[in-house]
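Below, chain A partners chain B and then partners chain C, in two separate complexes.
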Partner chain A sequence: MFEEKLKEFEPIFYPKSIAVVGASATSIKAGSLWVENLRSAGFPGLIYPVGSSGGRIGDLKILPSLRLIPGEVDYVIVAVPRQSALELLDDCAAKNVKAVHFFTAGFSETDTQQGRKLEEQMLDKARQGNMRIIGPNCIGVYCPEHRIPLLMGILGENGSVGFVSQSGGIATKLVTIGIARHINYSKGVSFGNGIDLDASDFLQYMAADPKTKVIGAYLEGTRDGTRLFKTMRKVAEVKPLVVWKGGRTEAGAQAALSHTGSLASSAAVWSAALKQAGAIEVHSLEELTDTLLIFQQFGHGQGIRAAIIGGLADGGGGNSVAAGDACIENGLQVPPLSFETKRKLSELLGEVGGILCNPIDVSQAQFRGLATLFQAIDLIVKDTIGDVVLIQEDTEILLPIYSQKGLEEINEFFIELAGRQNKPVIVVLPPGSVEANRLRIEQRLLEASIPVFGSMERAARAICRLNQYSCWQEAK
Partner chain B sequence: MFEEKLKEFEPIFYPKSIAVVGASATSIKAGSLWVENLRSAGFPGLIYPVGSSGGRIGDLKILPSLRLIPGEVDYVIVAVPRQSALELLDDCAAKNVKAVHFFTAGFSETDTQQGRKLEEQMLDKARQGNMRIIGPNCIGVYCPEHRIPLLMGILGENGSVGFVSQSGGIATKLVTIGIARHINYSKGVSFGNGIDLDASDFLQYMAADPKTKVIGAYLEGTRDGTRLFKTMRKVAEVKPLVVWKGGRTEAGAQAALSHTGSLASSAAVWSAALKQAGAIEVHSLEELTDTLLIFQQFGHGQGIRAAIIGGLADGGGGNSVAAGDACIENGLQVPPLSFETKRKLSELLGEVGGILCNPIDVSQAQFRGLATLFQAIDLIVKDTIGDVVLIQEDTEILLPIYSQKGLEEINEFFIELAGRQNKPVIVVLPPGSVEANRLRIEQRLLEASIPVFGSMERAARAICRLNQYSCWQEAK
Partner chain C sequence: MVMSQNLLTEVESKELLKKAGIPVVEAKLARSKKEAVSLSREMGFPVVLKISSTDVVHKSDSGGVKLGLANAAQVGKSYSQIISSVKQAYPEARIDGVSVQTMAPPGVEVIVGMSKDAQFGPVLMFGLGGILVEVLKDVSFRIVPVTERDAREMIKEIKGYPVLQGYRGQKPASIPALEQLIVKVSQFVEKNPQIKELDLNPIFAYPDKAVAVDARIILE
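== the complex of A and B ==
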């Protein structure tokens, strides 16, 4: 599906050469920053800085005009004031450029006649020159595989998650949170005002891209809703598509107008259309990244019946109650343990002090050692009542009881457990008073492909969204 | 109100002497842990370890029986098996003990006839002996002012927040999160099965306690709903009361039964009753601590119109859209900036690239330096449209632009700003890719009494709850 996009977008995500217009040898301009960042990221193609200052950036000579570039130019990054936009597009056409990314802002998002007119003229020139425009007012392309970093030089690992974001700020957040939580992107794009290429085009490309397994989108508005929702419907047929719509409220919509010139339509209309299209709607950056993380790890849902394990060392009572509430209120099912498992657990842990139902409070294992704890968890995981295993780990309770060494042993057990059987294992690691230790564990688990969430609520919502897509796929 | 409780509970929260039954010189028993923890916390009263092992814990001699303690005993902590409970209460009565805290579990929460009967007999003995029981199946009292730590020896700073928790695990979480987020407690209690003193009693005490300004409660169930809700209504008259009801769902309620022997009633009934009582209902540990933090800092609401500032260095566009949505969807109002402020900001920051509405994206200040950023924030804070100022700070965007020094300067400005004018200043500091830097800033702001939240959604909800109480107070 949309296979034609792969060739068309090749110069955008895998350009052989990039020109940066607005580079300077003497001052810290955005253009110079783009050049520096491409260089230090190790971009494998040619880089041509263009600017009036003359001089060099590193070993690269700054050329006074795009037309003077000796070789072919696939992709141009523009960081000069909007007044030069039209002339620059003439230069690009003369050089047979394939795609022009305007970092430059000051167009329809300023809500002026002048801004809107300039965009129309740019679009005309692009069509005449057979070029595609990304933006204006955006930070453009991110492609770790081809060593294209984000504006600030941010570059995470290569992975399987694609993103399409109207906002550069949200794109940056997606990538930085991705680095922290091991959400690794195949590619991403921030397309700002989207006067030519917009969400639909990039979604089609990501649907066709064999490197992309799941797609996340942050959208504020669209100039062609019919096309967008038709596209989404087709994309969702082949890959999970998670959409966060910004500008759902009056204050949000007002900001969206000033931000990307987007006319936001009603939140209810969007929600209904997203549902119909088979896209998974989320409502915040937290929900978007949580959902991308779980899709990256598991790909599809295996069911919503959760076996919830808590109180690994102590304090599992209230947490079990809270975990049961959190899971059920956020859409999971929490069936009781089978009689047989309950009996075995009770033999193993004793009758008093734990809760041998589901959620299961295994805190009595603390008096019998880690081997007993692991045995208890094994029994629970083997019980057929759970499609997915949710473990709450409270670092500040575990640490004084088991010390750092025991803590590590417990987490290595989770990793081994996740590896040797088929049920998804998910860890809830809430913030507390030993943040440095908690963050280390989080990194270790994420490295080993175990999804980690900051609260049971967030884990439950992510699991439900994973299953929502599988259900839609089956029912459609 | 409830002033009689102050004297009655004096031996519980400010005991002159504590006996710990179940201490041992040779093995690591819970009783020994209590003794060690009281000692290392610097408990100013007398500590008497009691146990059959003989020997010493530090310089304290372990006595074979409670009856052999030479002086008076206010408070007894019991960590021996349930079989000894009745005999022990006889010993306590003989020593004229005021209150007995049963850490011991294995009573009605095991859902057995035997467990329930034992509780009835204990209650009879306590009444005959004119003693109060805390628990059984709980971790009892926390009082930083009197150097009584929680079970694991956890002891935070002395403060003005009281808590009443049926669960010891949740009590521990409240205290550890409190230490991390500078929520400082006057006192707290975990009362488990609550066969004698229960939520109503402790709430009455906290209402009367002059050291407590706001009360948080985690409750799973009650044996006397009428009394509890009458009490809550009276408590809410004098102090904000924030209640998290655990066991709202079937899985949660099942766990609550096994945890504290609580029969949970319908979530809807509780919600309605809490509303009527003027208590503020929350649904998770996160919401409870967020709400206690904001009450601790501000005491009462000053309005729900938010001035939202973002994009301190860059990336403020999409974040402004998202912040507007998050605030409005969670109950705040986000009125547009006044024309005058907008004009001044536009002079200061320029027309292009920022969003000069509300939420306000001040990112263009990055090209003009920190003094301009501070001027812009001052202008926004002075605008009368906001009752409260919400600032989103994205550490991983600020750090590369302003470096650690600039980051510190920005946060010192927030602290100074919060100090020199009357509007509450609240900072949203979302997690990202530079956690160590973010955590340092968070600590600095919290130390300076600026509430910090991990997301705009959480901040908005907390502000609404602050105002919910003020509205109820005015309307009642």
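== the complex of A and C ==
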């Protein structure tokens, strides 16, 4: 599907050469920053700084005009004022440039006749010159595989998650949260006003891209809702598509108009369009990243019956009750353990003190050692009542009882457990009083591809969304 | 008040809908008392008379609707009453006459509407009739074209869905019939982009079918 986009977008995500217009040797301009960041990220292609000041950035000579670049130019990043936009597009056309990314702002998002008119003229020039425009008013492309960082030089690991964002700020957040939570992107784009290439184009490309397994999108509006709707419908058929629509409230919609020049539709219509297209709607950055994380790890849903394990050392009672509520209220099922598992657990842990139904409070294991704890967890994982295993881990309770070494051992056991059987293992690791220890564990688990969430509610919602996609696929 | 040339009358609206295969309680225009009586006889009693004027937006409030008329005498009397009370309420209104239709037996009241969204174009709305739509906004939306699956989901999505399954002795509504009706409305508005708004309100849903009792169409 949309295979033609792969070739068309090759110069955008895998350019052989990039020219940066608006570079300067002396001042800290956005253009110079781009050149520096591409260099330090190790961009494998040619970089041509262009600017009126002359001089050098490192070993790269700043050329006074795009037309003076000796070789071919695939992709141009523009960071000069909008007054130069049209002239610059003439230069690009003369050089046979494939795509032009305008970082420059001040167009239709200012809601002025002038801004809109300039956009139309730019579009005309791009069409005549057979070029594509990204933006204006955006930070453009991110492609770790091809060493293209975000504006501030941010570059995470190469992965399988694609993102499409109307906003550069949200794009940056997606990447930085991604770095923190091991959500690794195949590529991403922020397209701002999207006067030429917009969400539909990039979604089509990512649907075709064999390196992208799941797609996240942040959208504020669209110039062609019919096309976007039809595109989403097709994309969701082949890959999970998670969409966060910004500007759902009146205040948000007004902000969206001045941000990316987007018109408002009612939130209810957007929700309907997303549902109908088979996209998964989320309502915040937190939900978007939670959902992308779980899709990255598991690809598709495996059911919504959760076996919840709590009280690894102590304090399991109330937490287990709360965990059960949180899971069920967010759409999971929490069936009781089988009679057989219950019997074996009570033999192992003793009958008093723990809650051996589901959520399962295994805190009695603290008196019998880690081997017993692991045995108990194994029994629960083997019980067929659960499709997924949710473990609540409270670092500040475990640490004084088992010490740092025990804590590490427990988490290595989770990693080993996740690797040797098919049920997804998900860890809930709420913030507490020993943040430094907790963060180390979180990083270790995430590195080992175990999704970690800050609360039971967030984990439950993410699992349900995984399942929502599978149900949609099955009902087709 | 709506620009009158863009608002189709109930009779005109229902003719278009009927041609598109959307089940409606057919209405015919009577320009005189005599015509109203003969149309009633043709259709069979009991009948409903409604004022036919694109200038009258609130038909019931102005005394422009008479329900359950059982014989020719009642029809004749009601015709005169409707004309005179509407003239009083809307002295400027241009009146075509009175529409005549058979009185549909009571069913579960639902509504289907279409309006145009700034970004997604025609959007269908579904809800239960009366207070549930007006006060609780218990409605669902889908973008045109609406498939059978979309229609099924939009019906099941409303909170009042159990009402359609039969409630306190009320007979259930045929979900397949409602699905069909929604899909046909979607096809109808897709083929006719000049339609700006459409309202089937109410639709009576029965165990075996669903029929639009009132309808109005506004053109661009």
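Definition applied: the second predicted complex is superposed on the first by the 476 of 476 C-alpha atoms of A that agree within 3 Å, B and C clash if a C-alpha of one lies under 4 Å from a C-alpha of the other, contacts with A are read in each partner's own complex, and residues count from 1 in each chain.
Methods note: a residue touches a chain if its C-beta (ideal position, glycine included) is under 8 Å from a C-beta of that chain, and two chains touch if they have at least 3 such contacts.
Predicted model, so just to flag it, every value in this text is computed and none were measured.
In the superposition on chain A, A:Thr249 makes contact with chain B only, while chain C stays out of contact range.
Judged by the touch definition given at the top, the superposed model places A:Arg440 against neither chain B nor chain C.
Considering which of chain B and chain C touches more of chain A, the answer is B. Of the two partner chains placed around the shared chain by superposition, chain B is the only one that A:Leu285 touches, whereas chain C remains out of contact.
When the two structures are aligned on the shared chain, A:Phe229 is found in touch with chain C, with no touch to chain B. For the contact definition in use here, the chain B contact set and the chain C contact set of chain A share no residue. Listing the residues of chain B that touch chain A in their complex gives 82, 105-106, 110, 152-153, 165-173, 176-177, 179-180, 218, 220, 246-256, 258-260, 283-286, 311, 314-329, 334, 336, 351-353, 355-359, 361, 394, 396-397, 400, 430-433, 435, 439, 454-455, 457. Here chain A touches chain C in the complex through residues 221-222, 225-226, 228-229, 263-266, 268-269, 271-273, 275-276, 475, going by the rule given at the top. Per the touch definition, chain C reaches chain A in the complex via residues 117-121, 123, 140-143, 146, 149-150, 153-154.
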